[in-house]
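Several structures are given next for inspection.
Presented sequentially are two complexes of subunit A, the first with subunit B as partner and the second with subunit C.
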Partner chain A sequence: MAWRRLILSVLVIAPVLWLLAFGFTRDARYIHSPLLAKQAAPFTVTLFDGRQVRLEDLRGKAVFLNFWASWCTPCRAEAKDLEAAWQQIKDRNMVFLGVALQDREQDARAFLQEFNITYANGRDESGKIAVDYGVWGIPESFFIDPQGRITYKHVGGIRASLVTAKLQEAASGIVSAKEGKEDYQPIR
Partner chain B sequence: MTATLGHTAIIMAFLAALCGVVCPIVGSRPGLERYFSFTRTAILSQFVLVTLAAGALIYGLIATDFSIRYVVFNTTRGTPIYYRVTGLWGALEGSLLLWEWILIIFSGLVAWIYRHRQRETMPWVLMVFSIVSAFFLGVIAFVSNPFETISPVPLDGRGLNPLLEDANMMTHPPLLYAGFVGLTVPYAFAIAALIRGKLDEAWIVATRRWTIIAWFFLTAGNLVGAWWSYHVLGWGGYWAWDPVENAAFMPWLPATAFLHSVQVQERRRMLKVWNLSLIIIAFSLTIFGTFLTRSGIISSIHAFSSGPVGSVFLIFLAFVLLASFGLLAFRADLLKGQPELDSMVSRESAFLLNNIVLVSALFTIFLGTIFPLLSEAVAGTQVSVGAPYFNSVTVPLFLLLVFLMGVGPMIAWRRASWDNLKRNFLWPSVASLSLALALFFWRIRDFLPLLGFTLLAFVVFSILYDTGLALRARRRVAGEGILRGLVTLCRRNQRRYGGLVVHLGVVLIVLGIAGSMGYSTEREATLGLKEHLSIGRYLIQFEGLKGTQQPTHFRVEGSFRVFHQGTEWGILSPALKFFPTQQSPIGRAVHRSSPSEDIYLILSGFSDLNQNQATLKVLVRPLVVWIWIGGFVIALGTLLAILPLGKASPEEK
Partner chain C sequence: MFIRLLLIAVCILVANLLPAADAPDIDEQTRAIAQELRCVVCQNLSIADSPSEMAQQMRGIVKEQLQAGKTAQEVKNFFVSKYGEWVLLAPTAQGFSLFLWVLPFVVLITGVGLALWLVRRWSAKKKTDTDSLGNPEMLIRVRSEAAKDTTVKINPEDSSPHAQLLQERARLYAEIRELEFDFQAGKLAESDYGMLKLEIENKAAVVLRQLDASSSSQPSRAKSSASQPTRQSADRREKPSRRYRGWQLAAGAAFLLLFGLTLGVVLTNSLRPRESIEDTITGDFLTGTGGGENAQLLAQGRAAFAKQDWPKAIEAFKKVLTVDPNQPEAHAYMGYILAQAGHADGAIMAFEKALAQVPNFPMALWGKGMILLREKQDYASARETLAKLVPLLPAGTERNEVEKILAELPQSATPPSQKAGVSAPSPGQQISGRITIDPQLKGRLNSGATLFIIARPAGSTKGAPLAVKKIDRPVFPLSYSLGAENVMMQGVSFSGKVTVIARIDTDGNPTTREAGDLSGDYKKNPVAVGSKNVDIVIDQVAQ
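Our next item is the complex of A and B:
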């Protein structure tokens, strides 16, 4: 009798434990981005030099779109890499566009100066662009192909080599299967 | 130095815990009984050593000893002393130490209180404590060491997560841990009873107060967590059915069920296996909760660090479940021959139904929490389960529970006669139905809120009516007035009246939840200077933005003048805080409470400071304040139930 009951309780408990153990084999935080391979949301942004840029006007070029803020530490970490990547590809048919989020204008300008950033940068004053792109933390980067489709999304700091590689893919219209993340640090 | 001291103390405590596990086993051999007495020494030395270790870490935090890694990540030179101390539980390693510390304080108290009583049982009770303690000490010593050193020693630390810099940091985590750890006491007595095969009511009677205290800490811990979420996180809610919240709430359900069903066992010697199972499940859920939050297997808005700790907790959970239920399976033969239910209309069956409802709620919440895992394991697709599922499934269950709360304490044991039902429930039913009618004609037309308010009224009326009858009897018997009569009643039957006061507290909480769930309104608008928005009876006018540099962050504050039905209520200033180490700004919502509703302001965005434009979100949430008042009423009721006010009933000795 006792053995029967024992086996019965094991039969109930074991599957639950197995299920919990199964949890270790997957990454619960990974959420497949619905934006990949979709048309990028149109927007217009005023650059720090006063010019206006419309995303639609950049059709025909591969676009690297980066959301950042001067107060964000990982943004500082990636800033030099981004400028280096820009220097490598700026003569090709590719565009860099930085968008500062939830930032003060003078701080954002100081940031650009500090890192000698030469590619186009503007400010998302209302925060609407970030909402359209589903940005949940910065830095976050998007790669857009010449037809205006999002080909790759990267959450967190990104390296120069990855920027150029993914831009190359975007230029040839290759859509990544998954979004990427790097230098991911949980909020402590 | 501090680190070495702390780590050495932990390792020595771990060895003491191992002794505490082995001693009763050796002592159970004939002729070796003297080893039994070492179990208490083992607990005592763990108490001293763990206190030393906790003291060392607190000292390291206060003295900003940045050679300790944990100190670096949880404090800075600028951190006020208050938050340096609370840094002890600011992250995983320290939290485990706090848990272990509370556990060993509870164990020490048990060992001391029962030093002359329960001589045969105590070694086994203390052994269970030592097993649990050995696990935690092992984790602290070898897996997640808070005394790990760092080199080179940094000049300043990184500091606490800014969200943790709040006064509730002092209350919420320690209360919750005290609740979790408190459940170890009845669990330890239950396991000791199973090991010895002495399965009468002794273990329940011995742990009655402990269970009530643990239950209270658990309730308070969850409520303070809700309060924290409400006033700091700035989303206007207090409960999101997030896995981490569920993890803290789930042990509360079997603990509540246990609190009621043990009364049936005490009175009628029924439900023995059920009670043992409940307490095993409740204790397992405290381990499960830590596993869930620290393993990262379920995605949560609460970002906890994860690491190897998760798998260690899973192994311990497996051990606890298999060993406890294995023991229960072997002893079940001794648990036979219980009396059967006499009637479906009786207090036993009301309590039984209460248990079924609570366990069903536990099951549905557990299922919802791990469902993302289940669906991925079975179907390979990711799904997320959100508040709609939890609300729609648990609300009917909790309403049924409220109804039972009105019936259970008043209905007769064994078999309720028609007279008993009529005497206790006729007037409360009439009164609550009349109130329902009045509410319906006033403005409440939706079914669920109307049902909820009616049931709440029923509980209140039945408690008042019953107390009224008892007071009338006091006046007739002893000529006592209302106040004097109440004092006598409470002193004569502390547990009953303490319980009734707790029920009133629960009624207030449910009232707050029902009001804020059903009748909240919100509006969002972007306002220029002196522009306003109106919501309900409120008009809110924007008075400008202000930016200030604080020691740890830059703060942008919007000033809003609030008018309530034309009268000015003054200025409320929600803010956004920009921390250099954080990826996104942290909101500081503000609210103003009144008995009927809260107005809650969130600054969701702003233009340049000099342009003076702000996006404001306003929520009006009715009756929220009663949730927190209910918490205080529960605290009162708990005190009334456990404080030695009157004569202790003889069986409690």
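Our next item is the complex of A and C:
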């Protein structure tokens, strides 16, 4: 009788405790992306210099896609690192593409000028590209392999060394097991 | 012909009406779908209810896709493919999410079942107790047994339930007899007598029934209810039951204690006041987003720093640096604490350690830049440091402030604070005097000691001092002056009444007080800023 009661108590209490532990150990704000190892959504973006870039035209190259905004502090912190990384790899078969999000054109342009950003940058006016990539916090970066598959996603500021390393992996078609995370700012 | 024309007119009318009928339908459908999709930048708000820009854009996409002919399910599937199941406010009844749907019903059914079972158990118990009440056979038996006045030998030391029942029966029988006697003697009214008698008889009937039940399970007990062997057998029967009840109580208490402790620890460690609108009450605790214990220590340090509880802040940041010697934020905070204490060189070293880890760390850049500017008056280095800070700051007050400081730097060799309209300390804003040391304490003076002259607002004994002057290797007697240039917090004026003390610190850290440190205070404290001859004698030894 005592054992039956004990087992019954454990059967009732253990799931409750497990449920509590499960709730407490999750970051409710964090959204795990289902896009890793999936085909990157195609899009066309008009760059600040007037040219148009289609993602599909970049097949055969490893692509670093970065979502940013001039009002985002972690984006400012990573800006110089990204330009430095671009300078390191620009002669290789790799492409950098920045997409400004929820930003005014003049502010975005001022940001690019301030940090002497030389890689291609455009603006996602409707927010459709951001939704297509499941963006929720910026800066948010995606690494796309030459076949157009997303190999790595990083939410928050990213260092130059990680950018070059992950681009190298993308060029070889290596898909990371997990997403990366640093300081980020939620989009508006 | 007329019918044909009429048909054409109807067709045109219907064709014209269709888009008009579609429009509200799409808006309604958009709203219905939007109510099922979670806003990715809010907390538990649907994109229909959220005023955020992102939610607006998402609503636009929903509408666009509906207009393109997609079904509601296809639209939802699109968002799920981008953000995962998380984006659905109501999770699908598949896989793990199915558990979320089923669990409340399982809990509800189990709860109702448990409640019913308990109610049935209680009512069954009550029924056995109340069965005896009003039972005419039992009442007749009670009356006949009570009238017999048979004395039963009861061992008063016997505390078994059976013996207690016998005692209770004897007591109730005696009560019935006393009542009878009182009534015969005319002390009781007939109505009272009848009511009281029935009440006691009913009680006795319950006891009799319990005694019968107890005797039927142990026939030997019925034969000699007060005998020793019966008591022993009753004890044997009762003991396991008592032990079981004890075990149950102990286990219940232990579980409650453990549950309470766990909940207490988890809640006190995880919940905290929100620091901003974007913050959560659980912060980083247990979410895997923080750095564990070090992140907590860092948070403690920050909180202590904000409260100007320097010793606590130092302790927390030191612990952080023990675990992670390269933690940039801890180095930066240590830099600020050292700067407050007048250790410009130590502060610069700390800021440089932070910057070695994160070259673009705004907090360290600001600290280092300001020390180079204000304390070291090394304008070239200050300019270089602060120039690095400007691009890191978003446009706003802070950035304007740094830009203003930078703009003022090259114009002259004097500190910018003077150019910004903050006048140089005049003699009227100073306190001056002489510091001497008690001849008896001269022997205790360490050659590498540091003298701190500290001014606190009158009446304050704790917290950050108003102004501190540091003098390495002091030679006594010495003349001093304390002015606006020694004020710890930028923007705070050196005025009003202050308490002035002098302390000779052996470890060079003014925030710690160690045995052997020498100190002295101005005997007429508090003193007004502007006073002269504020002479201090070092005559106390910290124990």
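By definition in this document, the second predicted complex is superposed on the first by the 151 of 188 C-alpha atoms of A that agree within 3 Å, B and C clash if a C-alpha of one lies under 4 Å from a C-alpha of the other, contacts with A are read in each partner's own complex, and residues count from 1 in each chain.
The rule we apply is simple: a residue touches a chain if its C-beta (ideal position, glycine included) is under 8 Å from a C-beta of that chain, and two chains touch if they have at least 3 such contacts.
Keep in mind it's a predicted model, so treat the numbers as computed, not measured.
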With both complexes superposed on chain A, which partner does A:77 reach: first (subunit B), second (subunit C), both or neither? second
Report for A:115: first if it touches subunit B alone, second if subunit C alone, otherwise both or neither. second
In the superposed arrangement, which partner chain does A:104 touch: subunit B (first), subunit C (second), both, or neither? first
Could you say whether A:138 touches subunit B, subunit C, both of them, or neither, answering first, second, both or neither? first
Should A:22 be classified as contacting the first partner (subunit B), the second (subunit C), both, or neither? first
Between subunit B and subunit C, whom does A:174 touch in the aligned arrangement: first, second, both, or neither? neither
For A:34, decide between first (touching subunit B), second (touching subunit C), both and neither. second
Taking the stated contact definition, name every residue in subunit A that is touched by subunit B in one complex and by subunit C in the other, in rising order. 2, 5-6, 9, 13, 19-20, 24, 26, 28-29, 31-32, 71, 73, 102, 126-127, 136, 186-188
As the complex stands, subunit A meets subunit B at residues 1-2, 5-6, 8-10, 13, 17, 19-24, 26, 28-29, 31-32, 71-74, 102, 104-105, 125-127, 136-138, 186-188
Touching subunit A in the complex: which residues of subunit C? 40-41, 43, 52-54, 57-58, 60-61, 79-84, 86-87, 103, 110, 244, 247-248, 251, 255, 266, 270, 278, 280, 282, 284-289, 360, 391-394
Along subunit A, where are the residues that touch subunit C in the complex? 2, 5-6, 9, 12-13, 19-20, 24-35, 70-71, 73, 76-77, 79-80, 102, 114-115, 126-128, 130-134, 136, 181, 186-188
Per the contact definition, I'd like the list of subunit B residues that touch subunit A in the complex. 73, 91, 158, 161, 291, 295-299, 303-306, 310-311, 314, 317-318, 321-322, 325-326, 328-330, 332-333, 370, 372-374, 376-377, 382, 547, 554, 576, 578-585, 605, 607-609
